[in-house]
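Shown next, in structure tokens, is the structure this report addresses.
Going in written order, the chains are labelled A, B, C and D, and every chain counts its residues from 1.
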Amino acid sequence: MKCTIIGATGYTAVELIRMIEQHPHLEIVSLVSDSKATESITEIYTFMNKKNYSLLREFSLAHLEEVGTELIFLATPSGISKQYLEQLKDWKGKVIDLSGDLRLDQISYEHWYEKPAVEPMIQATATYGLSEWNREAIKTSRLIANPGCYATAVLLGLLPFLKEQVIEPVPIIIHASSGLSGAGKSFSEQTHHVRSNENMRLYKMNRHQHIPEIESVIQTVTGQDAIVSFATHLIPINRGIMATMTLTPRINKSETQWREWLQAFYENEPFVRINGNDPEIKSVVGSNYCDLTIYADARTGHLTVVSVIDNMQKGAVGQAIQNANLMCGYEEALGLTQQPLFI
Amino acid sequence: MKCTIIGATGYTAVELIRMIEQHPHLEIVSLVSDSKATESITEIYTFMNKKNYSLLREFSLAHLEEVGTELIFLATPSGISKQYLEQLKDWKGKVIDLSGDLRLDQISYEHWYEKPAVEPMIQATATYGLSEWNREAIKTSRLIANPGCYATAVLLGLLPFLKEQVIEPVPIIIHASSGLSGAGKSFSEQTHHVRSNENMRLYKMNRHQHIPEIESVIQTVTGQDAIVSFATHLIPINRGIMATMTLTPRINKSETQWREWLQAFYENEPFVRINGNDPEIKSVVGSNYCDLTIYADARTGHLTVVSVIDNMQKGAVGQAIQNANLMCGYEEALGLTQQPLFI
Amino acid sequence: MKCTIIGATGYTAVELIRMIEQHPHLEIVSLVSDSKATESITEIYTFMNKKNYSLLREFSLAHLEEVGTELIFLATPSGISKQYLEQLKDWKGKVIDLSGDLRLDQISYEHWYEKPAVEPMIQATATYGLSEWNREAIKTSRLIANPGCYATAVLLGLLPFLKEQVIEPVPIIIHASSGLSGAGKSFSEQTHHVRSNENMRLYKMNRHQHIPEIESVIQTVTGQDAIVSFATHLIPINRGIMATMTLTPRINKSETQWREWLQAFYENEPFVRINGNDPEIKSVVGSNYCDLTIYADARTGHLTVVSVIDNMQKGAVGQAIQNANLMCGYEEALGLTQQPLFI
Amino acid sequence: MKCTIIGATGYTAVELIRMIEQHPHLEIVSLVSDSKATESITEIYTFMNKKNYSLLREFSLAHLEEVGTELIFLATPSGISKQYLEQLKDWKGKVIDLSGDLRLDQISYEHWYEKPAVEPMIQATATYGLSEWNREAIKTSRLIANPGCYATAVLLGLLPFLKEQVIEPVPIIIHASSGLSGAGKSFSEQTHHVRSNENMRLYKMNRHQHIPEIESVIQTVTGQDAIVSFATHLIPINRGIMATMTLTPRINKSETQWREWLQAFYENEPFVRINGNDPEIKSVVGSNYCDLTIYADARTGHLTVVSVIDNMQKGAVGQAIQNANLMCGYEEALGLTQQPLFI
């Protein structure tokens, strides 16, 4: 499958290149970057220098044709994917957009992202790429809205409980933390080492754009109107997300029973693991796994579900490749079976 | 005021020594360590080597007498303070215990700490040293239960709302994170750099010994039976705690009004600051401040209160010195006015 | 090729398991740990839990036979490999020892390691596994002394210059830094997060056991008696080594000429790259590359050669697999072509 | 002593404010920032918000007069101090410039800094502020060139040996590492957390502007033409410098004798400590100490001297205050006696 990456100099693209290279059936035929066209990716990222990539190219439909592109990864930021999606409207190949531009309807997008949405007709044809929950639709789709990193961690943890209606949809209290790669490659006070190091910072309280994504997917999948209280924090690590979710159960089970229930629910999933130990981000970094831990407490009556993922993998590139596998008819885990990088 | 530190080689003691040295009216007359008696603190911690401390001594009442001790800081771990407290029962000077041994009644202590409690009659005479909320009692006490680090961060954030009965006491959802110094000096897999670095770990879910401390102080101060759902996480920094607390308000105010309300509440406190920006741990590290931020969200109906402290300062040694100042009739902020160490 | 890992619970073993799993022709048939026999590796390292390993086993020749072991990786510490090497003396398969036990002759070993050396006859049959410099011997060897991490970084940088006699063999001044994984899994004050974090520490000055390894390999390969002044530092990262080496050239070339000279020297090596930018550890972490940078300064007359490797990869496991490939007649880079993990 | 800080929003200024606040005889009367004039320092750095600073002001001589400034700290970058120094040429108060603008003569400055030098007549009146080596001149000076951070660490380690002519002045091989605060507050790829974290990078090889500073001070103090080979590295910590220096002794002493010799040399210095243990940056962070360690090796014939300082303290602000104390006739250590922040 011949792949082109658009937005080829950001962090997402770097990870896509790394992962596609170890995938047996995907091949990069072009790297597109309008801002760095004619530059060499291996001069920007010198650590890649044993690889033979052609120079970065400007986007054009003719170029996609010329190199025989069959699958496009849009590794562009939210608000920038829009322009490529509109130009690709009549293009016949497959597209996976890793930005937020296809995840929300127009009204919701413009409210939460505070920028113009992609044409609604395009957004309407996109399939939400939460692989475990939308597998059949993904297989036949040609346009994927790859889920947000926090949304992936949260939804994989919440959906079994909401689907089976064993918890209340309101309130759902989520406190999540992410490493710095989630903030992308651009410079800011928050990403300056001296500021971020030895620090933890809460940001976008009640304003995070993954809130409507989470709530709308819950609506679509379970028919329930959940309301999510969502606090996001930046912690001084490069990769990883932990979401700690406090829930109110509707039925009575012991912690062990809940764990077995969840284990049974996800039994056949290659990338979802139910963890019997205290959860930690390191269990998944470098891998496409989502590890879920569940605690039940008689004293408070709460369930606590903890979800950890690598935001660059299951939260972005890993899941994009999982979706590419589904779209292309490959084995779902192909090229994604590496162990976490514990050390 | 002549001070002796018992348990003089742990992290708490190292911070006590640093702070007492810059305090104009406190003076260290002896460092006691039963496990390292006859060793030199400046050979254990060579960075101290321009200071002239006498050798570490075994504990004895005669020795305390001999050096003229007026104030003891117990920097021993929970379960170890007990033995010193019992030997000091009839000693006439002032004692500040930084462990958990005086914070809970016998039944609660033995349940949560899973070890024998100090004699109940001793615990009954101790004053809980949350300076801002127990100032008058501290001034006349001779025995202080210095609060736990998480408990300090949480209670300073919660008590105004519970005292004024403007939030529901149930449920209170708290997700808190701490740096590694909170885990103390002993070795474990969790404190090995390779494991803790680039990691975040949830631990002691529903089992943290600060849960009963928080709930019992709420009972004492406000007469309400709060139930706290408490998730604690380890993050790869040395110092600092952030507690993000999701609350259900009983009255309606805008975010600005809540902020002004809280500002007015703590108006005269030297160490509690109300923060209008996104909170971050770095704002308080190295200082005795507790910074509080408040968010109100019409969509979810929740209040979110975020509290940050330096666990070694306001969460331990800073508050101990603040309490010493109160007990000794000094100005409350004496020796504690240093700025945070932002860089 | 059926592989057994002895010492299967240390950091080296964890990395070996991760790498062997993505190798097309190597297969783990047994994990041996005398200290944790009968335990499960996936309960010790829960992040591995989608893999089906049999329980940890005690070492025995019978067991090796039973599972059909063809290749053993000794992932045991220096001083412990000795006992296995002696028991394996008449075993017919291939052995790669990742400890220091086969790298030095008896006198040198006992002087620098301060413990009893392996039987000299065993050590005499071992081949030093610096793949790029000993390829032909490795191909036909059945016993490999896998090089030390610092020694690998240093020798790959120094040997071209010494071999071609274009620098003085005395003095060679090397200042090197390593991440914490180099210190292994055991606990110590130096590996406690609170101590190592925000710190840099010099250790084993003039006493590092890689000094004689470096000097003896230089002797063997070039016939010269180099004297290496070697300062090693611990820095707060998990993986990676940088060695900055100050050399005195015997001939006159510009910086560009030196770079081209070195480029030509290593032209056909798959894992040695000559870097035109300022060197950084991140360029190689997660990969088997060794990146070399060269600076020539007319003012001082010195050449500075900088070498960076991932101590867990080219400095240990990656090179072990490279050697396994050579010994087994596979393509040398098989299973080792992953990109560095830049993010 | 009434102090004005010019360049009041950079890292150096933040540290100056923190230190001046705990100094009994220095008082901040104005904070000057041409780029942020009329803004509030406590809105830029909200962690300062219990302090009452007046708004940031534009620079003018009239303003200095008006607020009664007696001592100016120039916390402006190299190349920017120049313009203030020229405007202050006839001002009568004391000035300490923390930039590099007064450290080198015009030719050297313009060669190494690659920008226009300050007027030579101004530079000629400046006193080099390496407190321990220029104490008497500093006491009577009105204009101080505060030393560079690396230069301070290196010179305090080298000068005793060169002054006493017990080492060769050529070659001197120095490999030094610094934390990120040394790179200042501005944004770059190198200071982005994702890049700097888990990394070590060599930079400015043979081009660092502290090379001529080190060599010219050696010339001035000892009359010898030393040639320094200087490699500087960035490591992922916030504060601290370690310089490892390899030297060739002219006389024969044991390691213990060298240590005693150096101890005797610096016997009366309040801020120079001779360390008998392996050196580490953490020993000095937060303090004004310079810790020196010395190793002698019979095998190589080299002396290795290791110097550690906190780049924000002895490498910048601490030394500036030490110099202010000398200029103002205060006790040299006033306001600088805090312990290192080991935890």
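Please note the rule applied: a contact is a pair of C-beta atoms (placed from the backbone, for glycine too) under 8 Å apart; a residue touches a chain by one contact, two chains touch by 3 or more.
Keep in mind that this is a model prediction, so the values were computed, not measured.
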Counting C-beta pairs in contact, does A-C beat C-D or the other way around?
C-D
Averaging each chain's C-alpha atoms to get its centre, pick out the one most distant from chain A.
D
For chain A and chain D, let me know how many angstrom lie between their CA-based centres, rounded off.
46
Cα centroid separation between chain A and chain C, in whole Å?
36
Interchain centroid distance [CA atoms averaged], chain C/chain D, Å
39
Can you pull out the residues of chain B that are in contact with at least two other chains?
11, 181, 194, 197-198, 236-239, 282, 343
Which residues of chain A touch chain B once you look at their complex with the stated criterion?
171, 173, 175, 177, 179, 194-195, 198-203, 205-206, 227-229, 231, 233, 235-240, 242, 244, 246, 278-282, 285, 293, 295, 297, 299-300, 302, 304, 306, 343
Residues of chain A touching chain D in their complex?
11, 180-181, 185, 187-188, 191-194, 196-198, 236-238
Spell out the residues on chain C that touch chain A in their complex, using ranges where they run on.
11, 14-15, 17-18, 21-22, 45-51, 181, 198, 238-239, 270, 273, 275-277, 282-284, 286-287, 289, 291, 312, 337-343
